Every structure is written in C-alpha cells, then in structure tokens.
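In what comes next, subunit A is part of two complexes: it sits with subunit B in the first one and with subunit C in the second one.
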Partner chain A sequence: MGIDMQFTTLFQQIINGLSLGSVYALIAVGYSLVYSILSFSNFAHGGFLVVGGYICYGLLSGLDVYGYFTIPPFNIWLAGLNALIGAGFIAVLTERLAYKPIRERTSMTLYLLIASMGVSIVIENIFVIVVGGRFRALPQDIFQDVFAVLEKILGFFGLQSTREGSSHLFNLGGNVTVSMFDILSLIVAVLFLGGLQLFLRRTRWGLAIRAAACDLRTAGLMGVNVSLLIGIVFFVAGVLAAIGGIFLSFRYTLYPQLGGITTKAFVAAVIGGLGSLPGAVVGSLILGLAEMLSTGFISSQMRDLVVFSLLVIMLLVKPAGFFGKQISDKI
Partner chain B sequence: MNKNLLGSAAFVALGAALAFVPLSGYQEGIVVLLCINCIAAMGVSLLTGFTGIFTLGHAAYMALGAYTAAIMTVRYGIHWLPAIVAGGIVAVFVAWLIGIPTLRLTGDYYAIASIGLGEAIRLILENWQSFTRGARGFPGIESYSTRPVSVVFFTVLGIFMFNLLDSRLGRELKASRDDRAAASLMGFHTPTSRMKALLLSAFYCGISGALLAGYMNFIQPSMFDMMKSTELTAVVVFGGLGSMSGTLLGSAIITSVMEYFRDISQYRMLIYGFLLVVIMVLRPEGLLGSREIWSFFMPASDGSGGARGRE
Partner chain C sequence: MTPAAAGSLLEARNIHVSYGAIKALQGFSLSLNEREIVSVIGANGAGKSTFMNAVMGMVKRDEGDVFLDGKRLSRKSYRVVQSGLSLVPEGRKVFAPLTVLENLQIGAFPRAGQGNIAKDMEWVFSLFPRLKERKDQLAGTLSGGEQQMLAIGRALMARPRVLLLDEPSLGLAPIIICDIFAELRRINEEGVSILLVEQNARQALLLSHRAYILQTGRLLKEGVSSDLLADPEIKEAYLGTKSR
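The block that comes next holds the complex of A and B.
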C-alpha cells in the first residue's frame, strides 16, 4: 500500500513537474533567444512577464483609470491577447530606449547587462507605485471557457472530468489526477513553442534570426535589417514571457516581484546551454520535474535549493550545458 | 614606492577626517554605513573591475560574514573583533569551495552561477532554523560597529587594497582581465590569480557584512538577496570598472543618494533603476572610467597606472 502511494505521488509530481517546466520553458526560450542574438543576459525579461501578468489581470477585472474612463472586464481570450501584445510592445520599447543606444556605442555586453538590471528594477517599482505591492489572485473562473473546450476534446478520448470546487480534475486511472490547468499550460506551451519553431524554420525572418544567432554582423552584411530583426526577437521574447507570466500568476499569485522567478528560467537556460532553444526547453523540463519531485518527496522548502544544486552539479559536469557551445575556459 | 606611501598617507588622512570630524548622531550613522558599503564595494570592484569576473551573488558573502559574527557574539559570547575577522574567514572558505567549480566559467555563465549560489546560500540561512533562526531574523546583536571601529576597518582594508592593486598580484589580475591568453603566455597562472581575487573579494564582503550586523543589531536573510548583490555590482560599474577610487566615490554617492531619498522610499528604487539605465546609456564607462582619481590631477603620466581605457 505504501509503495502504491509513493508511486501515485511520483506519477502525480511528474505531471505537475512537466506542467511547471513547460511554463519555465516559455520564459527560458525567450530569454535564450535574446541571448543567442545579442549574447547578454536580459535581466529585464522578468519584467516583461510581470507586465503581461498585470495587463491580463487588469483587463480581466476591468480597469478604472482614475474615474476618467472605465474598461469593462474582458474575457480571457481578449485579455490574454492584449497581455501578449502589450508585453511584446514593452519588450521592444525597452530594447529601443535602453539597449539600442548602448548597443550602437560599444560592443561590451556588460553594459547591456547592467542596463537590463536597471530596467527590471524600474518595471518592478512602477508596478509597486502604480498598483501597489500586494498579492493579487487572478479570478479562478477565467479559464472556464477554455476548460469547456478542453473538456470536450478530452471527453472524446474517453477521459472523465470531475469538479472539486473551482478546480477541474481529470482522472487518469488509479488515484492519479491532473488538473485541467496543468493540461492547459502544457498544451499552450507546446503550441507556442511549436509555433516559434515553425516561425524560425519556415519563414524568411526565421532564417534571418537563425543567421543572426550565428553571427549578427555577418547577417547584417548579408542585407538583413538588423535593427528590425532585434525588434522582432524582443517582441517574440516579450510575448512568450507574457504567457509564462499569465500562467505563473494563475498558479501562484501576481505581485510586482513575480519577475524574480525568471532566475529559475535563467538556470534552466544554463542547464540546457545558453543561447540554445532546445536546450532551454530541456533544461526547463528538467528543472520543473526536479522542483516538483523534491516538493513531493523531500519538502517544498527545499525545492529552490535542489534547483540551485542542480545548477552547480551541471556546471561541474558539463559547464556548457546539454546543447550549448563550448565556452568554458581552455587555458 | 613613494607613490604608495603618499597614497597610504592620504588614506589615513581621509580615515582620520571620517573618524574625528564632529558629527551628529544621524551623520555618524551615515559614516558607518558609508564605510561598510565601501568595504564591500572594494571587494566587488577587485573582482569585477580589476579581474573581469562579473558577479551577481556577493551579498551572500556579506550574509555569511554577518551571520558568523552575529552567532559568535550572541550565542558564544566571543569578543566582536575576532568575530568580525571570523566572518571574513568563513566567507573566504565558502568562496573557495564555490570558486573551484565555478571560476572555470566565464562571462554570463559565471554571473548566473553566482546568482544561483548566492540565492542558495541565502536559502540555506533561511531554512536552517535551529542555527540561524531562519527568516525571522537574528536579533540582539550588540552594536560594536561604532564610528571609530568601522573607520579603522575601512582605512586598513582600503590601504591594503590600493597597495595590492599596484603589486604583482594586482598587475596579474589586470593582465588576466584584459587578455587571458596573453596573461597565461606571460607566465601567469590565471586560474590561481582569479581564485585569489575571488577569495579577497569574499573576505572584504564578509568583513563588511559582519560590520553591518553590528550596525543594524538585527539581520535577516532577505537583507542579502539578489537585489543587494545587484546593488554591489552596480555601484562598481557606476564608479567605473577598473577604478578603485571611482568605486569609493560611486559607493559614497549611491549611499548618500539612497539615504537622502529615504523618505520617499517607494520612489527610491525606481530612481535607482532609472539611474542605472541612464548611466549605461549616457556614460557606460562610469564616473571615472578606468582611471584613478589622482590621475586627473597629475600631469600626463607614463600611462602605466591602468589609465588606458578598456575598449
């Protein structure tokens, strides 16, 4: 019986881990994409995530801009779409205002890194000042429409859903249940990552981005509009971060410091190999699994420690990550 | 040699001024805080500005120093002076353990590893309830960081640092920062010198943290989070990478500005972040670039004092 329980927990946590990992993957891929083009760690990436989360929250609950005009509550589709575009726009704006002047002046990525930290502090504190630092929960029923669609699709395969309060659960047999939300975040992540992959492999701009990841200068010499290309990359990164932001603020709560969670996405990107998109996905899934398994079997306080130990072990064994270019010192 | 004596004398004069000019209680507090911040900034400057290792986790070494000193004085009744030094030594020991695997990394990889390790140390302090009292914080530390104590620590460590930069090790570090391969070809064992830089910077941060514990009388792990690490590095970049006097100047300015805006603390961080971006856009080389402050007053020198800009 005890072993049965253990097995159920294991299975349950693997599913939770994959779902969490897929959210990390959305964040890590955007971060890695920027890294692959400009080779600097964009610490403002967490800011884009928070922007996405707050736009979604604001539109879902209806905005009241100091009594001048009010925006009625949107449904999740529209609010989500606006959040993605808004975060993408903020990402492009950040690049244009803060990074572009530095990029054009020097080749030292260190300055970009510091500027990105500044941006992340600015975004975080704008939200602290404007909307306040308290924790906000996204309304629990926002995904009802989406869940209804999902329910039909999964019902087609004969999976029965049950409701416990506001959370939808699926019974996978035995005592293993999956929440609808976990399935949803997994599906959305797969869709968007697949879409990104198609964009990078099948379009001219995708080709240009892949070329720029190889060598930005040469890509420019080959006639690629580098400035526009970087804009597109930042937009994509912002959009992906916003999806991550919406899911994270639903999973936990929304607060201005939520962007700090990107540290884990950075760690995931390093484990997979900085600048490598498949690496970012693999690293994120490993991280999500590690986090959830340590929650299930050790304690939830230890999960962050497990994450960072994983980073150290990876750096010891394979500093370039699973898919990274060999960067470690050869001297 | 003459130059070094002169510099040391200037430093002692600065220290004496900080220690003996009559100030109100509030101003005294600022002087203590200034000394504490400057000590930590010097440590980070050695690593980031002079060795080219970009760190985002040095608040953890401050935390180690702070907790070591606090636990030793409060729980074991040890005198504060050995406790402060022990704080530095514990930081050095942990830095050594961490340095072995991570110093092989370069650039952003090291930066992210240092974030991870810094956070890991903070999390350990937070979860080791029985020893550190965890997130509730560690109260009741005696106020040993008086103005004379912190000024003396600042002066001694400052003189040591400026002489170090002009020593063989200092040149070794600068050489390995500018071109690792060339420095190795010159016969320097760059991994060793990088390790030395890390250990020294950890020592400075440990001492600074131990002094901070004695100044605040209360420490908690969240005081040493990633934000604090960012601040340490930002101060160094603000002052100018590769300029120790710039680091001190930058640290003094940032400390005073933050103190000045204490009343509008909501906007304080916003201004701070904005300042970081603006400085990077307008003057990325920082206040003094890679020059030391006295090189502005001296006639064009031989250019050996690290006055060449880093492109």
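The block that comes next holds the complex of A and C.
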C-alpha cells in the first residue's frame, strides 16, 4: 500500500469513526445521565433503543394491526418524532414500574441493576413475540428529503455530491468520500447533544439535574420534586437512545437484540468516566475512531478485540475514566 | 386531631421514627413561635438529626404530624420546602461541582417566577459578603466556614418562614462558629424563625430563646435557654462545667 493510499484510508476511517462515535455518544450520554443521578448501570437502556427503532420502522412501513385498524406509512419526520417520544415514554414507564418501587424501599443500587437486566430481557422478548425475531431493513430512501436539504446546504459550501447506487456520497478531495448518512448522523448528534447541554446549563430543571447528579437527597431538600426529576432524566435518556436506535437500524439492520450494541456505549461511558456527560462523548468518539481505524488498518474482525483491549487498559491505568469522579473526591 | 395551639408557627406533635427495630424518636413534640429561635440539644445519637429529617419529610414518620400555621405539612419533602421550611443539612452538603451562584439559584428552585430572586440574592450577599467575592468559584473549593455560609444562604434563597439548621457548628473553628451564630441572630432579627439542632450546647443555648433537651429519642427537659444554661444538671451533662 502506497503512502497516499494509507493517508486516504486514514482520513476515510477518521470520518467514519466520528460518525459512528457520534451515534455511540447519543446512547452513552443517556446512559451516563441516568447513572449520574441513580448510580446504577441501566442495562435496559438498549431496550429503549430497540423501542425507538421499531416504532420508526413500523410507522415508516405503515401498520396493520390484525385488520382492526391500519395506519398509513408516515414520512421520516413524523415517524422519527413518534419514535423519540414513544421511546421516552417507555423509558419513563420502565422507571415507574421497575425501578421506583425498588428505589423507595432501599438505597442499594445493586437491586436496580438486577431489575434493569430483567427489563432488558422483557423488552427484547416482547418484540420477539409481537413482531418476530427476524432482521428488518429500514427502507434506504427514507432520508431522501433530508438529504436533499443537506445537499443544498453543502452545495453552498462548494461540496458536490455523487451517487453510487443507493448511497449518496460527497467527495472531500483525494479519494476520501463521506456519505450523506454519516454527515446526517453527525449533525443530528451534535444538535441533540448541544440541545441537552443548553437544557442542563440554561434552565431551572437543568440546574436541578446537575445538582441531583452531585447529591440526589440534598436536591430533594431544595424543593425539587425528585420523582419528577428522575422521570425527566429517563425521558431524555429514552429520546437520545431512540435516535441512536434509528441510526443504527439504518446503518445495520433492526432486530430485537439490537440493544446489545449498547455494550459499546457502556464501554465508551466507562472510558470517559461513568456519570460524566463530556466523558461519555469523548469516550464514544475514541471508541468510534478505534473501531474504524482497526477496521481500516487491521481487519474488521479485530475491532471488538481492540475496543475491549482499550477498556481493559483504561481500567488498569485510569479506573475512573477521563472525566470520572476519583474515588477520593467522593469522600 | 385538635388544632395547633394559637400563636405557634411550627408545631411537631408526638413524632415517632424507627429504623428497623431501633426506635430513634419516641413521641417527641416541639413548638416554635413566630420570630423565635428554638434549639434542640442532645448527645450524639439522641435523635436530633432524625427529628429534623422527619419534619422535612426526608425520613418516614411512624406516627405524628407537623403543622405550620395550624396547617398539616405534607410528608413529601419538596412540598414541605414549598410551604416554607428550609433545612441546612448536617455536613453542609453544598453542591461541590456547581458554582456558588448556581448553589444559591438552586435554593430558589421552589419559587420559580415568584418574587424577586435577584433581590434576595443581594440580601444573602449582604449577610455573607464572602460569598459575593467567590460567586463564580466552585462550591467545592470553599473553606468549611464559607461552605456553611453558602448552605445557609442557599436555604434562605427559598425565602423560608422557618430556617432549620442541623449542626451548623460541626467541624468548624470556634472563631468561625461565632461568626456564623452572629449571622443567625441577624437573620432572625430580619424576621426568619429558626429551629436549630446542636451538639454544641453552650453556643446553641446562648443563641436561642428556648430549648428542648433530647435524650435517646425522648424529651428530657424544655425551657427558656437562659434558665437551662444555669440549670446544674444541664451544666454537668451538656456544658461540661461542674456547678458549685
């Protein structure tokens, strides 16, 4: 492989890595947000992602519920919006049904962790029973409207697009191309994560959430309705997971076990520092880049090996992650 | 249930709290009048903090009710805060990763859009000018005394009718304790009623108008603070001086 070729691969994989990393970031930030408030790993988080994916899929292709009633196919905007809200509500419902009764009885977070594993199995199997376990592909033309808008905006900056089959590509010079979809997922991730940051920094409830992440009990003493606050946090986590779910089911395929991919988001959150939102973003980008660079330069079969090696090295060298609370800080 | 005695602002009646088989409070009652400072003193484990948390709805009461102006208080802590009680918790519990300003803003949480929050912020800064100097600093970087000032300021931002303080002298140097207690007197003179729980009995009795002495979850004695300061039994057990 020539030097030029190597550089092309490097740039190409960095772009792919950032795009994948931004999807991981959406998932990891929601997971980390819940962790920061309730101090437990919510393993049902992957379930929220699957819920989002299926709602979007169902509405895009139109629903026919045993002939009783039919819903005509929605466009991506409406289907996406419903998927985000639906997953948000399922996340809140999960908290109310499975976690709240435990929270009110004990402060041991281990029980919450076990309950979340149960919920994750329940959600997965509900989909296996109701819609079947087979793989489903989201129609590849769903983002056409969105792409058309993007094309105009990028065209304004002098970037011309080409089409190769169904994929829509931009040439960045040399042989480096970036697909419309990668740009879209990057933009959407930046918009939502920026929006979350604004919400946390500029609003009264955002301040309450940051205070609760520091000390939930004391936040309650400030007149914050803790139960409502936890509801809001789960809703936000569900919405972010659903975006990740839609993008992942478009990039790969949709199936009931798709939530398993959150393992990667957990790894990202641990690398960045559990409970830290900037940490979750940084960890996700590192992970996305590591995956894509190992795919490009070693082999795609090695990418999970690289990812989990990163995790092990991080836990040995800096167990609290890049932005995590050091154990001594907690005392 | 008979209505609360006329004139008392806050009244806790027959409070029972237990942690599993351990009975932390066994029927403790207390009343606080408008513009009064009342202290509850007792040894470690007497149930003082439990009492404060029971009033605030932070621990479950087995029995007993709390009334503010004759109206029964909710058992949900955020509603208790909304109705006009604010607790400065034991160990200060400031939000370390937030700035001093943000800590004060979160104190005003229950008053969204009501009253002039900026004006109250100035009032708190006039009580504790040190906080104004450090308003953009993270609360975790403040000294213990400054953190206590911040915790008090944060509670005042809710514009409480009753300010509750759980061991405000804990872990502070004697000179800082004097400062803090002087500020508490000033806050009281500006119309805030104060309920104080302390192990530092001398300081608490010097500050308060009346006091209750709590021993293993029950009332041992109550009375006017100056009388209790002179009481030989109290002197020996809580003030560490022999009466002669």
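In the analysis below, the second predicted complex is superposed on the first by the 326 of 331 C-alpha atoms of A that agree within 3 Å, B and C clash if a C-alpha of one lies under 4 Å from a C-alpha of the other, contacts with A are read in each partner's own complex, and residues count from 1 in each chain.
The rule is short, and it goes like this: contacts are C-beta pairs under 8 Å (C-beta built on N, C-alpha and C of every residue); 3 or more make two chains touch, one makes a residue touch a chain.
All of these numbers come straight from a predicted model, not from anything done at the bench.
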Touched partner set for A:L207, first subunit B, second subunit C, both or neither: second
Touched partner set for A:T70, first subunit B, second subunit C, both or neither: neither
Partner chain in contact with A:G220 - subunit B first, subunit C second, else both or neither: second
Larger contact residue set on subunit A - subunit B or subunit C: B
Subunit B versus subunit C as contact partner of A:A115, first or second or both or neither: first
Which of subunit B and subunit C A:S309 touches, first, second, both or neither: first
Touched partner set for A:N171, first subunit B, second subunit C, both or neither: neither
Where subunit A meets both subunit C and subunit B, residue numbers: none
Residues of subunit B that touch subunit A when the two form their complex: 54, 101-102, 104-109, 111-113, 115-117, 119-120, 123-124, 127, 180-181, 184, 190-191, 226-227, 230, 233-234, 237, 241, 266-267, 269-270, 272-277, 280-281, 284, 311
Residue numbers on subunit C that touch subunit A, as the complex places them: 56, 58, 76-78, 81-82, 87, 89, 93, 95-98, 102, 105-107, 109-110, 112, 154, 158
Touching residues (chain side subunit A, partner subunit B) in the complex: 35, 39-41, 98, 101-102, 105-106, 108-115, 117-122, 124-126, 128-129, 260, 263, 266-267, 270, 274, 301-302, 304-305, 307-309, 311-312, 315-316, 319, 327-329, 331
Subunit A - residues contacting subunit C, complex: 204, 207-208, 210-211, 214-215, 217-226
